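After this come two complexes, each holding chain A, first together with chain B and then together with chain C.
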Partner chain A sequence: MIWNQFALQILNGLGVAAILVIATSGLAIIFGVAGVINMAHGTFIMVGAYTAAVVNKLGGDMFMAMPLAFVVVALLGLAVERGVIRWIYDRPLETLLATWGVAIILEVAARLIFGPLGLKVDWPDLLDGNIKLFARPPHYPYYRVFHIVLAAAIMGLTFYLLYKTNFGLKVRAVRRNRAISGCMGVDTAKIDMLIFMYGSGLAGVAGAVLAPIKAATFDMGFTYAVSSYMVIVLGGVGNLLGIPVGAFLIGEGETLLAFRYNTVIGQLLVFVAIVIAIRVFPRGIFGYHERR
Partner chain B sequence: MATQARSAGERKVRRSRLLPRSVLVVGALVAAAISAFPVVGGTDSYVLQLIGKFLCFSIFALSVDLIWGFTGILSLGQAVYFGIGAYTIALSMKLNYTIENSTRYGGTIPDFMVWNGLTEVPGFMEPLLSTPIAIALALAIPTLLAFIFGVITFKRHIYGVYCAVITLAEALILEQFLIEYQAYTGGFNGVTDYGNTRTAQFLWFLVVLTALCFFGARLLTHSRIGTVLKSVRDNDVRAEFMGYNVANYRIFVFCVSAFLAALAGALYAAWVGIISPGDTGPRFSIEAVIWTAVGGRATLIGPFIGTFLVRGLEFLLSGSWLANYWQFFMGALFILVVLVMRDGIVGTLLNWYRARRRGAPAEIREEQDRLEKDRQHDWRPSSEPGSRNDPV
Partner chain C sequence: MLRVSGIDTYYGTSHILHEVSIEVDAGEMVSVLGRNGAGKTTLLRSITGERLPRLGRIEFDGKTISKLASHLRTRRGISYVPQGRQIISDLTVSENLELALLGVGKSRRIPDVVYEYFPALRSLTGRKGGVLSGGQQQQLAIARALVQEPRLLLMDEPTEGLQPSVVAEIQEIIKRIGSEHNCAILLVEQRLDVVRDVARRFAILDTGHIVATGPIGELSDDVVRKHLQV
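So, the complex of A and B:
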């Protein structure tokens, strides 16, 4: 019976990892290409969640909210990029601070508009229920399966976009060598802008998907954002594989340690492990190895 | 280094600049404290309590300024050191307070321990019963922690954005840790009701300590070490080629800054008489960065002015209808400072002042030119043109 529990925990960890992939992918793509850590990423997730909550109130379900959240948050990202980040691309540390300012403003706006209490978002009927893996009750819920499928879909879509399209070719060129790509006629500022929109849009989808787990609250994004930063630090952004690998290690580690001890100890131990890991991989496991 | 090569005149200029500005600031602080006494009367007054609080926050902002403004390390988890210092002192005061004034539960252990079913003070907390040991621990633990953290990260060339993000996570985890282990830390409510040191003497002590921290930072940043730190900030690769062990300088200043933050936290806990997990969290850390940025980084007066200005404004507005919109203002202020006024209030004023004093004698002009050349350097660590690929 203990093995059943253990297997279930591993599967739960997989679900947590999938959530991490969903929450991180947008951030990692922006960081990898434009070199900007978006401190407002958590609030972008929050905006996506509130979009889902509004759609829910108007009678739609989560599947309708996902594309809408993508569009809304991508437009928000466009505004932030054009209004703030465009001017400070060459000062990475200060983009942290400026985007934190954006985060504060969005958070307060959400609190003033929707109130300090959370808005509940219903699960679509399709995702109610469990897979009965074992004969006894702790079953594996459908929504975890949905998260895993969605995470795979997002990674697949991003892979297709970056490696199979003309746009992706330009993105990778800018990522490799910005100056030379510019000389070759790639509009690097436009690539930055589009990538920022795409990454923000993914944050919106993440928000829409995560809203039903807890409620949509004005400060829900911050914890997700910090986990996302850890995934980036551990996985690295030199390669698309860094996201799922980092998320898998962190998700499984936290879940299994939380099962053995408790949540906070799990987080603490995983954090210590990450700090030790970056001594070996200073730029993450799939870091971009510069010539020094 | 090149001390001999520096002309006698230039050295004279340096020495003459050391005194007036710092005297001015310390004088202003003392004057503010003195003028506050007759205005508000007794030591119980709220304004007086605020001034003591702001002085602690100023030391905290100074610690951020040392690593961020002068060395270019952005830590978003500086409140970790503030919080550990504060919690150590708060717990120590709480343990002693409950022994002297037994709680309504009759025992001699803190109320939150009673609520959580502890019957005696856990063994690892017993050293805190002695005040000198508690003070030593409050300052030593954060410094040691900063040293360990520094050795792990800076020795491996991890800094910049990565360092900021890791310190942020550190602060978040400490905050959750304190909430989770409520039997030992008071949990979400923090440590409360342990008396305080709100006396006129202690306020003077705070003023003197703040001035001392200011002078210490002044000595550090104007010493040879300070020059190396600034060169690390402006171009770490070049500093490395000059033969300096950049990692060691970073670790050193990180420890000094953690020490200052712990001192600020310890004083804060003693003065205010309440401490909660929020005071160790990422939001509070970033707030300190805001104070520094608004006042003016890479200046020593900046953090003080920024702290008093931002917190003072917050206090003034919190009573009015604007209270709801205060956070809007904070966010906008932050974006504005980063985009438009990079040097903060003090830095902008200084730039204006320097530009105005163009007609000064030769040696002063020479000094001004040197300083201005310093300023023109970008804050970001060196990178080849166009290699935003690997943001460090």
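So, the complex of A and C:
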């Protein structure tokens, strides 16, 4: 029985890690390529969640909301990038403050439009129920399996985009050396714009998928944004693998420690572990090192 | 082909280039010399578009390119071998070359000419640029520019920090590119023997001003003593 419980906690940890991957990938890609710490990332997730809520109200389900949330938030990202970020790319403090300002505006707008109470988003019928992994309960819910599959799909798609396409080659070059990439004929401004759209769109998908867990609320993004920053700090941005590995360590750490002690102690211990990890890996576990 | 007319370039409030003018004709090889900090690299960066001049004009093929973005200048036929090589370190040798090809709208197929000039690169195609030796990185930096089939090649100290045998190799490569590809070259170089061997004309920069120009035969020891010795 105890082994069943332990195995279930491992699987639950995987589910939490999957949510972290879904929530973090957009932020990590924008930070990794454009060098922008997007403080509006959490509110982009929130906009994706409200998109799902609206679709839900109109009779659609989460699966229909996901592509729509991608498009809506990608366009929002385009507007922010063209309207604000592109003028201040080389100034990290200003981009931080500007995106924070965008976050405040979006949060206030969401509160004015949708009110202070959360909007419920239903699970699609397809994800109701559990997989019977063991002879006795508790069983593993379908929606957690869906999160794991989606996280793998997002990582797979992003890997394909970055490592198997011409666009990805340009993105990786711009990430490493913007000025020289431009001198080699790469339109770096266009790459920044497209990657900002893609990262924002992923945040939208995250919002649509996460909304059924707790409901869409105007302040929901903060928690996910903080978790996302932790994943990036731990995993590092030099390598795409940093996202799933950072998410896995945090997800499993929090879940198993919460199982052994309680949720608060679990989160506290993970946070302490991250601080120690930063001391050992200042650039994150997959931070890039080169010959000079 | 290239006409730089009275450009003034700044880094923030630091005034680096003062009314600098220089011309390079089609197929010609011109060398820019100067002490450290004279503004040689800034001149090349002004031409690539990395650093936009505040005053003056840069023309290429009779068209003004002073305000054009870097990538558009490259697509018009200006390629750059930067100081310190600046290989994209986490791309492989192949990917560095493919990126250069994509940058000018070509397919990713690496032309054989690269391996004719640099046979050593053939066995390194899968290696990351950041782990190559200095000489290998310099070969890759030149190959990267070469695959773009430029009409004007800007080279910033391509022999810097290399051992003598590699310097001689690079020197020959520069001459070959100039003659076999009918490519104009604007070469920033500290080694006088290299400059005297490859260039047809020279210009000397001193604290951001052009202080001497002429055919390479006029680059006498007196001129060198006056403008280049510390």
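Here, the second predicted complex is superposed on the first by the 289 of 292 C-alpha atoms of A that agree within 3 Å, B and C clash if a C-alpha of one lies under 4 Å from a C-alpha of the other, contacts with A are read in each partner's own complex, and residues count from 1 in each chain.
By our rule, contacts are C-beta pairs under 8 Å (C-beta built on N, C-alpha and C of every residue); 3 or more make two chains touch, one makes a residue touch a chain.
Since we're looking at a predicted model, the values are computed, not measured.
By the touch criterion defined above, A:I19 lies against neither chain B nor chain C after alignment on the C-alpha atoms of chain A.
Legend: residue contacts after superposition of the two complexes on their common chain; A:A189 is shown touching chain C, with no touch to chain B.
By the touch criterion defined above, A:A69 reaches neither chain B nor chain C.
Contacts of A:A151 after superposition: neither chain B nor chain C is touched. Touching more residues of chain A than its counterpart among chain B and chain C is B. In the superposition on chain A, A:K170 contacts chain C only, with no contact to chain B. By the touch criterion defined above, A:I180 reaches both chain B and chain C. In the superposition on chain A, contact of A:W87 is made with chain B only, not with chain C.
Judged by the touch definition given at the top, the superposed model places A:L162 against neither chain B nor chain C.
Touched by chain B in one complex and by chain C in the other are residues 176-177, 179-180, 182, 288, 290 of chain A.
The residues of chain C lying in touch with chain A in their complex are 48-50, 69-71, 74-75, 79-80, 82, 86, 88-91, 95, 98-100, 102-105, 108, 130-132, 144, 148. The part of chain A that touches chain B in the complex is made up of residues 31, 34-37, 84, 87-94, 96-98, 100-105, 107-109, 112, 175-180, 182, 222-223, 226, 229-230, 232-233, 262-264, 267-268, 271, 274-276, 278-279, 282-283, 288, 290. Looking at the complex, you find that chain B touches chain A at residues 72, 74, 76, 149, 152-153, 156-158, 160-162, 164-166, 168-170, 172-173, 176-177, 180-181, 282, 286, 289-290, 293, 324-325, 327-328, 330-335, 338-339, 342, 378-380, 385-392. On the side of chain A, the complex with chain C involves touching residues 166, 169-170, 172-173, 176-177, 179-189, 238, 288, 290-291.
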